[in-house]
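Structure provided below as structure tokens; questions to follow.
Lettered A, B, C and D in written order, each chain numbered from 1.
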Amino acid sequence: MKAPIDYLLHLADNALVLGQRNAEWCGHGPILEEDLALANNSLDLIGQARLLYQHAAELINSNASLAQRFAHLQGARQDGRVTEDTLAYFRDTAEFRNHTLMELPHHGPLVGYAVSERDYAVTIARNFLVSALMVLMWDSLRASKDEQLAAIAAKSLKEVRYHLQHAGDWLVRFGDGTEESHRRAQNAIDLLLPYCEAFWHPGPAESAAAQDGTGVDILSLREHWNALVNETLAEATLTRHDQPHPGYIAQGHTGIHSEHLGFLLAEMQSLARAHPTAVW
Amino acid sequence: MKAPIDYLLHLADNALVLGQRNAEWCGHGPILEEDLALANNSLDLIGQARLLYQHAAELINSNASLAQRFAHLQGARQDGRVTEDTLAYFRDTAEFRNHTLMELPHHGPLVGYAVSERDYAVTIARNFLVSALMVLMWDSLRASKDEQLAAIAAKSLKEVRYHLQHAGDWLVRFGDGTEESHRRAQNAIDLLLPYCEAFWHPGPAESAAAQDGTGVDILSLREHWNALVNETLAEATLTRHDQPHPGYIAQGHTGIHSEHLGFLLAEMQSLARAHPTAVW
Amino acid sequence: AALQAHFDTVIDADGKIEPRDWMPDAYRKTLVRQISQHAHSEIVGMLPEGNWISRAPSLKRKAILIAKVQDEGGHGLYLYSAAETLGTSRDQMLDALHTGKAKYSSIFNYPTLNWADVGVIGWLVDGAAIMNQIPLCRCSYGPYARAMIRVCKEESFHQRQGYEALLVMMQGTAEQKAMVQDAVNRYWWKCLAMFGPPDADSPNSVQGMRWGIKRIGNDDLRQKFVDATVPQAEVLGVTLPDPDLKWNEARGHWDYGQIDWDEFWATVNGHGPMNQERLATRVKAHEQGAWVREAALAHARKQQQRQQKEAA
Amino acid sequence: AALQAHFDTVIDADGKIEPRDWMPDAYRKTLVRQISQHAHSEIVGMLPEGNWISRAPSLKRKAILIAKVQDEGGHGLYLYSAAETLGTSRDQMLDALHTGKAKYSSIFNYPTLNWADVGVIGWLVDGAAIMNQIPLCRCSYGPYARAMIRVCKEESFHQRQGYEALLVMMQGTAEQKAMVQDAVNRYWWKCLAMFGPPDADSPNSVQGMRWGIKRIGNDDLRQKFVDATVPQAEVLGVTLPDPDLKWNEARGHWDYGQIDWDEFWATVNGHGPMNQERLATRVKAHEQGAWVREAALAHARKQQQRQQKEAA
């Protein structure tokens, strides 16, 4: 049994986009050890994305109606078949299924074409919030009826456990560190928590996957996620202000993104798109 | 008579790349009037670039060996013919002939993938240094043996005179303003003046154009440029530190750029390259 | 009282109030609020379209877009000037914007996600804005009315440009058509909401009508917009995302579905997708530009001192 | 004197000096300078390749590149550790880098301008570095020698990966081949210069040889590099940009042209194309990371205090 293609793409895009973001620190980290840790995180995520895209590509190549749906993606094909790179490098913004949270830049709230210095607190806070989810997701997905997905989950679980540890440790250092680091961490948490609301509003693909046993009933993880988050925030002396308000819930996972993803993809895809038939 | 194609591209790329940079301020300027002034500057430059690319495209389309040389550029063609957009959107970094100065971001010296806040002093200092050159260039090019180029020069001259006035006025305000504005302006001038050395080291296309009367003997403008620059710097109480040193002279105009142009083009060309056959 | 009477006479005769004329405080306050809100909308409205300048897919479109965003900045400038004739400085108005006291059009709290958004903003957003603004060209306050005449003229030009850009895209590749449809899907309902809540729920309308500041009700304007737009959408070949949209022979108008007013109010009240981003971007531009403005002031002061010395 | 004699004996016997052993001040100073310079080169060297991570043209290449840059950071880490065994802290070394007192390999003052630069850095720059570094695996200072064994192993892996990436590109499109040739054209001469000035002009060499820190002369290493690289270039199908390059039957080596030492020294002395950018980027990363390091320290202090309280 195979998971729905959009569910695989959702998982893959989450990993790729966050991996791409975290790699931006490479050579610019606050301390050499963190350069290495972020590179490691990024490597893990891109590795997960590759496995998921490969799985998705197989599914597409072996299914006529899916092949039709993705027929407009002509780049990076091999013998006419879709590859992991076709999916990563030739889909447009609206075809990406990652949570909006993943694509946000490493700074406070600004429009897509603003520029600003990177803030490591945003990086750490996001890695913490995402890893807390993914630890639970991959743990559950080990029981996916999609055996390939289950195998990917088992491998990924080990990696994100480490990511969670790393980000959580730093979040505590920031929250319970200096006045400046506390302020930055609190701002980052305040900025990012509302985007996490989207976790609990699954799109059609996630619901379908939960239904047929290839995916996870994400709402069943909510309490556990809250516990993980609250525990670390408490240790970090940080506060949760995310009272549910009747406002916007991010919709990246259904293809409606922020203004940031377009710029991320423009850069990421630039070389591949300039040479769509090339092999690298 | 027609100017050498690489000379036309040099002039066009200068205008486009600086126009692209200056447009980045749109919506982010320090004062609404400057948003408008920069947008205006950018519009003028992009207008100049269009005329020059159109001229270059005609030349390419009517000359078999040039058509061959640009045959690899397949995007944005019309009835198989090269257009202004083919030249702007489908050439790679190494094919651009603009001065390196034009492509630098609006901040101090950093590597290509660093991020930093924009500094309006860099913007103003560059516009001043470039406009001082272009006022002289366009003035001379009105006598170009390439009549189309001469006509473009006549039109452009009026525009850059205004650009020079605008940037010069602000440079004086900065230099002779507050301590902070003076410091920023001096840093910007120190950063950018060495890139201006490249003006006086013409590439083969510029030399060929000077020779056959379609271009300008750029070295003949040097003294006048120095006078223009020195006069405003003096009024701005800013200092020229650009003692000639035996170091690197920027080579963007021969295709060897800084790390910044690649990112600028990746963004600028992203949409056009994603849809190479589209008409907009 | 004589002043009030004179004011009422001018208003009743559809005449113009000018800056030096006496006017009721509430009139002045309402106008400052409305004109500055309009000016803020122009300035904040530069951002969603500015987002695509660097990526415009042809040089021609890039030039058109820069010129358009520049026009919006220009509108902002003369609207701020119009408001200043009422005795409020631009700094005061900007301060109200940056501290969240003043509003701007809620439509700009949505992101621009593909290139067609630029065209759709021209066609639908500017189109709706024009519907709202044309009556203001006859507004009772002279400087505002005159500013609006110029604004409306330029906005009509932008609207035609936006529509034309979409026409070209709809004759293009499947991907281009999909972009246009996607943009229309995201913007249609937000544009209907731009006319404001149903008249029944709109408290400011009555007084505004009396003063000749507001001249047509929200629902009438909305209906006018729908009636004008449906045939344009057909020519374009896009589907407006409303299953309830159908011609009502009896009314002689297009019927349309229910607007999600909860979503509208959430966004107006700060919880839209980009409220934080738009405002923070404006604040940041202003703060980071402080040294530039200070330099200009400092230099002007020095110049003045030098001139005074010479004169002495 | 006895200590000096013991030191000389160990050196003469090709033995290892360890951190706790006595050593002459000049030996210690030379080692700190050389090891920290090497560490700095690894750290600064992350930037030219890091420049292409975001744009790597396939996921596989992206992963390989991140792993490679990460390895370089790792080399930096254990080289800093090796230098610390000589009594200089990482902070002191970083301070020397950031204030321009310490050098790093001049090759990193050139920009990476196309994707093939990444492969060429692996093939030629890492290749030249390995030639320089292999002798250091037998260096007289134990921690340095052991670090270099690990570094060389990983660098050899990187070199093969770089060469392999170029092989694939040279089997690709005309544009891909042009990228490789362009990158080789820009890097070839800089790589030859990496071995340092001709031995005749290299003042540090003699003492370095005596101490077993340097074991082979610059010119010999350079010749070795040229001889190894020419056949690889042929297999690859690129032209090395040197018209004087030709096989000298008599010498049994490849002859090559004149290196532009003026350009080399200009770059070493701060006037290369990217000296300012590379250093400013490192300084900025360090300065902007200050609050992170302070937070870690502050938290550690708090933790310690809490533990002491509990213990008390």
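FYI, a residue touches a chain if its C-beta (ideal position, glycine included) is under 8 Å from a C-beta of that chain, and two chains touch if they have at least 3 such contacts.
Not measured: the values here are computed from a predicted model.
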Chain of greatest Cα-centre distance to chain B: A
Chain A and chain C: spacing of chain centres that average the CA atoms, whole Å: 36
Distance from chain D to chain C - Cα centre to Cα centre, in angstrom: 58
Residue numbers of chain D (touch at least two other chains): 47, 50, 53-55, 175, 281, 284
For chain A, residues that touch 2 or more chains besides their own: 24, 27-28, 92, 111, 113-114, 116-118, 266-267, 270-271
Category of the chain touch graph - line, ring, star, complete, other: other
Chains grouped in pairs wherever the two touch, ordered by label: A-B, A-C, A-D, B-C, B-D
Partner chain D, residues of chain B touching it in the complex: 72, 92-94, 108-114, 116, 245-248, 250, 256-259, 262, 266
Contact set on chain B toward chain A in their complex: 24, 27-28, 92, 111, 113-118, 263, 265-267, 269-271, 273-274
Touching residues (chain side chain D, partner chain A) in the complex: 43, 46-47, 50, 53-63, 66-67, 69-70, 73-74, 76-77, 80, 115, 165, 168-169, 171-173, 175-176, 281, 284-286, 288-296, 298-299, 302
Chain B to chain C touching residues, read off their complex: 16, 20, 23-24, 26-36, 39-40, 42-43, 46-47, 49-50, 53, 76, 84-85, 88-89, 117-118, 120, 172-174, 176-178, 180-181, 184, 267-268, 270-272, 275, 277-280
In the complex with chain B, residue positions of chain D that touch it: 47-48, 50-51, 53-55, 111-114, 174-175, 182, 186, 262, 266-267, 269-274, 276-278, 280-281, 284
